Each structure stands twice: as structure tokens, then as C-alpha cells.
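Lettered A, B, C and D in written order, each chain numbered from 1.
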């Protein structure tokens, strides 16, 4: 394993850190103020567009794309430390057009889209003009077992007819969100992992209905948010399919590895921000005659946070390294491990930050409360911890059969 | 120790449980819908007034008051199990006029108010017509060390002049909230625990300014909420003082014991509701061919939740029993212990419920996410865990001096 | 629930505490020295016999026996606090003839023995002259699933023929151990919980062979210890059966409740002793310019230990109260809960004590290391935590069927 | 960071693994049997000498020495994975002459010894003929604060006179142990970290008295063990000093980094062995109709163990890499972090193994119980976790001053 950051990466880290200091952090409050006063919370506020312009100008745009034709051409290991930096502010990923679900959707289109599909959607997506969403999870079944998925994608002549209910379709509540990539069952027979397909569904197609958005611990998470969508006899041309019928799971699998590296490294960045706040705040805040930072319990939190973050980062870098070297499939155990390890770590560090901040820790005076809710969600999204742990154990036990 | 519930209590438990089943639970969704559609989120919705009427009619009103002249005349040990039942729904305490900060404020007035003060405020409070708030915590200092408090209450002739900034003044954002009980420093010399006083400040007094409300993990917690208030040269007659100058801490101490029993028992009820949801949901939800309730990890959560809840409840009952038998002061260690033990337990049980519910666990489709944020707050309000643990240890070590 | 200790109990507590201070604690070192120098580690050293004599004289003998004909006639709730006191020293239970496996074996004989069996064995047992052992667990199968038990007890005319291998037969290595109560399968057909029987097997019966003793984390735990026994064509008269064929599980079940109360309360006492040592030692030991007791982390340990012990004790008392009031069967959930809760608590408290003591914590200069190994074992003996948690969950879920 | 193992290392790993499989593991039981039957437990049994011969012949000897003149010439990063392999068996490190305290003592002599000192001691040490011990910790003070050390080393003409009591002097109980390196105070004035010195004290010097050995949770840990030594007016020539007066702490510091890498990597190997046993045993052991490996809770343990081990190993490798690249001093935070992280991890993994093994887990039928006691000790030796956490926090907070 070689985790050494190349010169290219070190330069980008420096540039990105500088941009965060100069542009992103100073505008966090403005962003929130504009959001509070917004007429429509589902459109990014003006300051976001301004920051996006600056990021483009600075060459810090679409950094996630491994394909140099479209993006920065960075490997997973190279992009990982940049992701960490973006994770230091909840508003940063969008600034660099590196936010979910846009980024992974763009990756899927680049990897699996037809020329027609790419031409139609990529330019606007790459330019940060439109949003797209990913519709996989369903409210009526435990989607951690993907075989439970009930939405149907049935061929009828030159069209696919889609019926089903999806939620956690992040971004769909925005008027800028133009299409969904929908995972559904195109067949009920044959091999169980070959029954699913993915199709592109423009959101203005008749039969698509945004039901509501679901909050996360009280946050609507606008302007992206999480929409619940009803698909009722929705018809799209058969050319909207990705790769082909029965390829849904295979594509989802390919999307998974890099997406996990990205959100895990953002969680590392989030944790670093929390630790920074713990340190700063505990040095300022005085109780019983001395700063909190001189309390033994606080020192224990700081040390444990540092230890936990370091270990988690190394594991994510290892997973990124492996995806680059041996591919998603061979790295599957590491990919599952970071899914479990990282949000469990970050929620712990954030919890300590909340406790240090006292009353302020649960409000929005600091980004900590919001960050916690997001990281807590990550222990569920894309399968709860327990499902991933069961899988890791299964693989581990295989060596002893 | 005798925790046996008397016949009177058993009857009230039964009646209250029935009321919860028939009136409160069925109206939880209505309540939330009315809140969502409310023009003013800081006024309780019509369904609340309706339920309050029913509770009064059923004789389930002001149960918390130990003084039989004003309320049910129950001891702490007797009221505790009723509190547990109310804790099963976040909207229940208000239904029975037993919610914070009203209930503890009423108790303070009954115990420490002058006849004039009682006459002026008690009837409306007892009737559930108005709200009051309690202004203690300050945003600029770590209030867990009460000596940090900066708000001044200075006598000037027949008036007290109040200057300072308070937050976490729950209820003050409501137009129905008519007065605050404010804790501040009336002297800067003399014994350190005799420098503080409490005064009643009508919220329409010139100089009182509601700055904002602070959310708790994204929830505004309307219609009660948590207000930040500026007191700028606010003048009230000297007759508004409670007991006398320098008595602020003593009163706060007296308020504390019963208030803790109450919120801890509500947390026990909250935990029971969470365990109920874990059991029900895990039996319905099927993954990988069997209900979640047959997964070993889920069974472990259920068992540990049951064990944790049982132990915590017994400790709260012991504290209640001791307050009744030997008083707040002699029970101070137990009172501190439940402050630490209970919310740490309830957040753990709720966390398991979130994980069982999956995506639904972080939304408002179940009361769990909201409950979690409240219980998490309790680890901070009124002093963070760490301060209480330090105190418990100090008392423990005293035996070895 | 009424946990109030009666006057009788309060007097016994006082007397027992005094005896511990005057006789047991001062002789702990002597005991260990005599053990170290003993020619035969499997016989109690002279100081033990001396202390036993004093306990008898003081009327602190066979306190565990509920039957007033044979013992103190205390209920489970009454005996529990006395057990706690004995748990403060690893050598104390034998001093009062209240140690396992003698005490539970005596209870079984009193409850289920024939007159002949009682006459033969009880006087010597009650007088503390002989030991007996209980042979249930088997080395070749996971005995937590009792149905796995393989030892056979087959009737052949007027005799039972016993074949099988048992371990964890505590006490059997001592020359004073005169008989084993052996659980085995007397039938392989019929209802699965009615296939087992218990027989009394004198250890001098041909075919009984003590194979070895097994250490617990390096401790041989002499003079009681844990023996592994081979039973090869061992023949005993049919009159040696307890109650009758197929009654083995029912008897084991009856033995269980009170035995758990006893070892759990001893664990509470052990934890109290550990907390005492934490407090004393941390006040004496100075590092970096102040006593350990002024370190925040140590204070947190002290507070958490106090909180954990209090809750656990209340749960054990509740279980004891329930056994007395509604019987073993109705109290089964509580009995299972304390089996899980208590040793998990005590090992945590002891672990903190080890950490406070530093190097001395893992040696025998303090009783802590030894106590830890015993408490850790309790998480396994009589079924590991996980089996009990699964059972508790099963009972909990039943309410939702 | 580049953790890639070089070809040289990969070859050594392979060779070492093969040796473990062919020589070490098959002789574990023989070793223990010979130890049990040994007349003198403080001399290694014959099988050890036999294995040492084979290791020498195989070129697997003194692998730890970075100096190619004396040993394998491996960097810390190169030696680390070999240490992991040795950690899989408690008896392995001695087989390869890589065991503490010999290995770190040899390193100190190579780095800091005079030619005369080297000539006198190194050949026998390098050849595995004699043992040496390291005397630092003292029974009367909390040695985690090194300034507490009381042993005096006072110059008197051409001699140093040593007075003091040391314990945890591992190896000194063996007749093969020929000298101690003793840390003591050579001055009571001047800079506080320049008052200590190290001297070589042959154990046959008059005034050296082995008082006793201290067990670790009941294990005497023979033949190495942990001796308590009294030094009473012990006189050695001034040429026995290492480097010079006042250099004691500086030398100890230099010894520390590599020693930690080594014991931490052995702990990783220990944890891997435990996980292996968990997997194997859980697949064989059947309860309630299925193997333990199909129980969800067991699968969770396996997954968490794998996740925890991976993260810990990466952190140790990072620390090793840093020591090699930037030196002990710049790597001090990482060195402190692994001291805390690794034994906390390994004790958790071993605890799960104990629980899986049931009764066998606390006995010596598996190496797990013994391993646990050693790893638990590591949380104390060389300073308890809490001291290291406090230091890590101090360094972390420095960035915010």
C-alpha cells in the first residue's frame, strides 16, 4: 500500500484549503441567512451560485471525475483527500459540483450511458446547471435487502412503463432537478440479481408525482432534501435504459465503491471540523475556574477523537487504494468496512462536540448539530450497519470453509 | 424502600393509560397536521385545546401538584408513574397541564410566591390559559457553573432593574406566555451562593425583547420552543421578587428535585414507547427471508433495552421515594445520578429504534427522531453529564476523607 | 415493590459487617499466605476453619437457607443484602458456609431430597464438614443449550449406570468433596425437557475419575477450583435419584432463581469493594502534582461506578422480591436480566479499579485481579450473556404476538 | 505514506509463517506440558532451546535489530509485519530471540553502549544464551509520572551506589538473567528531565535481592515473569553508566518508539489469532440447531473485530513509517496513539473470543485467556491509557494556542 499523496494532489489540497478559508467558511452564515429568507427553499441561494462561479474559475470543479475527458482525472486515492476537505463544511460539496446525488449520477452516465444519453444530460450536469436524483429506496419495504424492491419497469413496445413508490430521492424537490435514475424490477423470473434495471426518467414525464420531502431529525435539508416520489404508469422510451435489462444491480455495484470513498472522506473532514471546534471552544470556555480544555474528561475526548479519526482515515485510504489497484470487487470487504466504521466514528466525535458546546451544540449556531444528523443518517442509508456487518462476517468466515 | 404503588396511583395509571389510548395517541397525527398548517406555530393547535378540555373533564389535570389545595396532592413517588405514561407521547404533558416550564413554575409559585403573586398568576396557569417561562441559562457563559451567570437584578428604589441576555427560555416565543421568572445577580459581594435572586418579569414590560428561538437538531419545537431574550433596563416592582434577595439559588435547588423526577420518568416512558416500536416494527419488517425480530442483533437490542429501562426506572423511583422521605437535600446524590443515567439510557434505546426503523427512523413518520433530539438535549440542559458526574464523585469521595 | 429491609435484616447486616471488619478482612492476607505454603492446595487452610468456628459462634451460619428448620429462615429479599456483604471478600462465603456449590446443593437436598438422602448428607454439609459438587456442564458440547448434554444415566435393575464427561464441577478436586449431583439423560425419547435426571453420585464410587482442574485466567481457584470428571460405567442405587426420572430440568430450574440472586448480590458487594479501593487509592496516589482523585477521568469512573452499582442492586432486589412474592417462574425475566446486567457491570467497575491501581491492579497485592477473573467467568457460567439476552427478547416479543 | 511491503519483507513473512506452522504452533502444547512438569519454572524448557536452534538455522534470528552488523537490518516498517506474525503465539518471540525485555535491551546496548559494554554483554545476548532485565517502575510511587522515581544512583569515587526498589523487572527471576539496566536519579537538582541516569547492574552484585515475582491475573508468566528487586547499597563501576549522567530519560525515549511498534504489532498478531479462533470455533460449535457462526451477534463480533484490527494495524504501520522517515520525536503523537489504541482493541477482540469459547475461554485449553491478561496489562505498563491520552490531547491542543 502506498498512500503517499502525489505532488498534484498536494497542490490541489493546498488550493482547496485556501478556497475553503477564503470563500466557503466566510460565507456559511450568509448562506444560511439567505436560505432562511428564501421564498423557495428548494433552490440554492444566490451566494451558492456566486461560490460555484469562483470554484470554476479556480479550477476546482468536477474534481471527482476519474475520466479526464470530463473532470480532473484523479484516482480514488487522489480524490479522497480533497473530499475530506470539502467535508469540513456542509455547503462545500455543491460549491465544487461534487455533491450527491449529482456526482455519482454523472459518474454512472460517463461509465454506462449511451452517447445519446450523455449528450442530453451531461453538459448541463457538468456545468452545475441542473440536478438529477437517484430513486432506489422504497418506503414500503426494507430496502437494505435489495431483493425486496417492488417498483416495476415493464417493457411495452418501445417504452418502459414504471410503477412504484420511491423515497430518499435526494434533490427531486428542486425545480432544477430534471431527471431520476430509477431502479426497478424488469423481470420476476431468472437469476435473482439479474431481475433489476435502471432507467432514466425525466421528472416532467406524466405520472411522476413528488409526494413530499422527508426531514432528517427536523432538518428539511433544503435545497437538496429527500423527496418521496410516486411513479404511476410512467412511460419512457426504451433508449432510456442504462446498459440493458437486468443490469441494474451490476451498475449499482459499480457506483458504490467510489461513492463510499467520497462520503466516507467527507465524514472524515466533518470529524476534523468537529475536533477543531472541540479544541477551540474548550480553550475559550471557562467553568469552575479553568478552561474546559484543562478538564481531564475533555482531554480524553480530544485524544480519543484524534485516535479514532486517524484510524478511520487510514482505512478509507486503503479502500481507495484498493479500488484503484484491484477494482471494486476485490475491494468489496474494505468498502463495506468503511461504510460501517466511518459514520460510527464521526457520530461519536460529533457527539463529543455537542457536549462541549452545551446548549449551542444542539442549535444551529454551530454546524455540529446538523452534521450529526447527516452522519447518523449515514448509518442507515444504503443499508444499515447491521447488514454490512453481516456481509463482512460472511466474507471473513469464507476463509474457514 | 417501598416502591409499591398505592391503590390511588394504580387507578390513576389505569385511567391515564386509557386516556392516552383513546385521546392522545389517535390525535398525534392530527396535532402534527394542524401544526404544519398553522398560521402561527407558536400557539397550540385547536386539537390541543380540545384534548385539554377532555383531560380536565376526566380529572387528569394538574396531577403534578403535591399541594392538594391546587392539584392532585400526589407525592413524588405517586406522581412518577403517571409522568412515565405522559412521556409516551411528546404532546401528552401539555394535554394534562403538566408540561415544562409551566409545571415547575407553578410549583415554585405555590411554594415560594407571596399571596399577591399567587393571586395574580396562579389561576390562569392552573387553568392552562397562559404560559410562563424560566430564564436562567445565558448564551455568553457556560451556565453549568451557575456562578458564571451575568444578568444583573439591581434594586433601584421600589424597583429592580434587570439587564442581561438569556436563552433556553422555553415557551417565551408564544403570545400566551405572560411572564418570565428570571435568575440574576442582585449582589456581587458576600457569600457566592447568596448573590442571586429570582424575580417575576411580565413579558410586556418595556425592555424585554424576544430575539429569536433556537432549534434543537432542526426542530423549532413549536409551540413551546426555546427563546432567546434580551433584558435591557427592564424595571419591575420589588414585590416581584421571590422570597427575597440572595435566595435565587436556594429556590432553584428546591425546584430541581421534583422537576428531575418528572423529566426522568417522562424519559422512561419515552424509552418504553421506543421499545414498543422496536418490537412491533421488527416483527413486521422482513429482510433476507425472516422478520427483523428473528435477527440475533435485534434480539440483543431488545433485551438490552429492557434491562436498561428497568434499572433506570428503579433508580428514579428510589430518588422519588427519597425526596418524599428525607427531602431534596438528603436525596441530592440520587437526584444527580438520575440526571446522568436516564437520558444516557433513553438516547441509547431510541438510537436502536432509529436503526430498526431504517430511513423512517430519522424522519417524522415515527415520533422517534424527535424524541431522540429531546433526550439528547437533556444530557446538556441543566448542566452537562460531566458536571453532574464530577459532583457525584465529589460526594462519593467525601466518605473517605 | 417493597425493598425495605426488616429490623431482623438490619441487625444481621450490622452483625455481618462487624464480623467482616473484625474477622474476615484482617485475615485475608493470612489466608493467602497459608494457601501459598500449603502442602495440599485443595484443602482449606487452618485460618478458614478458625473463621468458620467464629461465624458459627456468632450465629452467622447457613444464612442462605429459607427453611427455618435448617437455616436462618430468610426470604430471598432478606438474604440478598447479607450476600452483598459476603461478596466483599472472595474468602467470605465459605466462612459462613454460604459458598457455591455447597449452598445451592444443600437447598436442592432440602427441597427435593428424600428423607434418606437428607439424613445421609445434610448434617455434614450443614456443619461445613464436607463439600459436594454439581456436575452439569460438559466439555464436548456447548452446554448453554442444555439439550446438548450427552452424559447418560441409564437404569439397569436397581441401579443407574452413568457415563459421561463433566467439567466445571467446582469443589470436586478437594478430598473433602464427598458426592456430586450429576445431571444427565435418562431417556432419549419423549418430551425434550423431560429426558434428563439428577442423581447423587458419591465420589468414591468406582468409575469416577477426577481428570484435572481447569484454571480461570491463571488462577487454580484452590481450594474449591473447577474439576473435570470422567464418569465411566459408574453405578449408584436407584434411590440416589432426585425426585424422579425426567425431573432434572425442573429441579435445575428451581435451583436457579435463588442461586442467581445470591451470586448477583455477591457481585454487587464485589463491586462496592472495588469502588471503595478506587476511592481510597485515588486519594493516596499522586501523579503530576495532584492525587488521582482530582483527575476528571477518575471522577467520571467513580460517578459511573456508583450509578451502575445502584441500578444493578435495585434490579437484583426487585428480582428477589418477585421470587418471594410470585415465584421463580413469574420472575424468570428478572432472573435472566440480572444474570446479564450484574457481571457486565461488575467487570466494568473492576476494570476501572485495575486501571487506578496500575501495575498493582493485575497482581495479587489487591483482590481486584482475582475478583475480575471470577466476575468475567460469570458472563459465561450457566449460559453466556448472549443466550440469556435472546431469551429475554423472546419473552419481550411475546407481548406483541 | 508508503506501507508497501518490500520483496525482502514478503519473503521473510512467508518464511516466518511457514516456521510458525511447522515448528511453533505444533509445539505449543509440548511447551506447556514441559513447563508444568519443570522442576524450575524460571528456566525455559528444552523444547524452547530446540526451537531456538531451528530458528537460528532458518535465518530467523534477531530480526528486530536495525543495525545490519548485529541483526537483520530491517527498518521499523519492515520488521513490523514480522512482529505481527510472532504475536500469534505467546511462546514465539523467544523462539526468534525477539522477546522483551531482551530485544529492547540489546537495541539500547547497540545504540548507546560503550565498546567495553558491548563486548561484555552483546555476544551472549545476541546468541540467546542469557537474559537481561530493565528496572524502571517502582512499587511505592505512580511511575506513570516518571518524575516520581525514587531510586538513587549516586556517584562515590569510581563507583555508583544504587538504592531503591523496582518491580516489573521482567526476566530477573531467571538464573539466566545476568544484568539489569536500572533507571534512577543521579541528581536532585537541575532540569527535571536531566536528573536521571541508567546503569548496568550485574545481578550477582552484592546488595541485589530478588524479592518475589508478581503474577498477572494469576499467571506467574514463567519463565520470564515479573520480578521485584531490592537494590541496597549496590556498587558498580562508573563505567557501567549508559551514555552519561542525566541521560536516562533521553535513552528511555529512544528505546520507546521501536519497542512500541513491536509490542503493538505483536498485539495485532494476537488479535488475528483470536479472530481466527472465533471463526473456526463458531463454525464448529452448534447450539439451538445451528452453528454459532450463523448467530447474528457472533457475525457482528466477527465484522467488528475485522474492522477494528484493520484500522489498528494501519495506525501502527503509519507510526513505524514515521519513525523510519522523521524519527521518534516527530512521530511521538503516533507512538502514543498506538499505545492507547492497540491494547484497547486487542482486549475487545480477545473478550469476544472468550465469550465464543464459553467455559474453555477462561481456561488454558486455548491461548486466549492468557493472551487477554497480557493485553490487559499493556493498558497499564509503561503508563496507563489515561496518561497517554492526556499527552495526546496536550499536543493536539498546542495547534490552537
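Basically, contacts are C-beta pairs under 8 Å (C-beta built on N, C-alpha and C of every residue); 3 or more make two chains touch, one makes a residue touch a chain.
This one's a predicted model, so the numbers in the text were calculated from it and none came from an experiment.
If each hop has to land on a touching chain, what is the smallest number of hops from chain A to chain C?
Graph distance in the chain contact network comes out at 1.
What is the chain whose Cα centre is as far as it gets from that of chain B?
Relative to chain B, the chain whose C-alpha centre sits farthest away is D.
In angstrom, rounded to a whole number, how far apart do the mean CA points of chain B and chain D lie?
53
Counting in whole Å, what is the centre-to-centre distance of chain A and chain B, each centre being its mean C-alpha position?
Measuring from centre to centre gives 37 Å for this pair.
Rounded to the nearest whole Å, what is the centre-to-centre distance of chain A and chain D, using the mean of the C-alpha atoms as each centre?
Result: the chain centres lie 43 Å from each other.
Chain A: which residues touch two or more other chains?
In chain A, residues 295-300, 386 touch at least two other chains, as defined above.
Sort out for me which residues of chain D touch chain C in the complex.
Touch list, chain D to chain C: 137, 139, 142-145, 148, 167-168, 214-220, 285-288, 292, 295, 297-298, 354-355, 358-365, 369-370, 372-373, 376-377, 379-381, 384-387.
Name, in rising order, each residue of chain B that touches chain C in their complex.
Those in contact with chain C are residues 1-4, 275-276, 279-280, 282-283, 293, 296, 298-300, 302-304, 306-307, 310-312, 314-315, 318, 333-334, 337, 340-341, 386, 388-394, 396-397, 399-401.
Please give the residue numbers of chain D that touch chain B in the complex, ascending.
295-300
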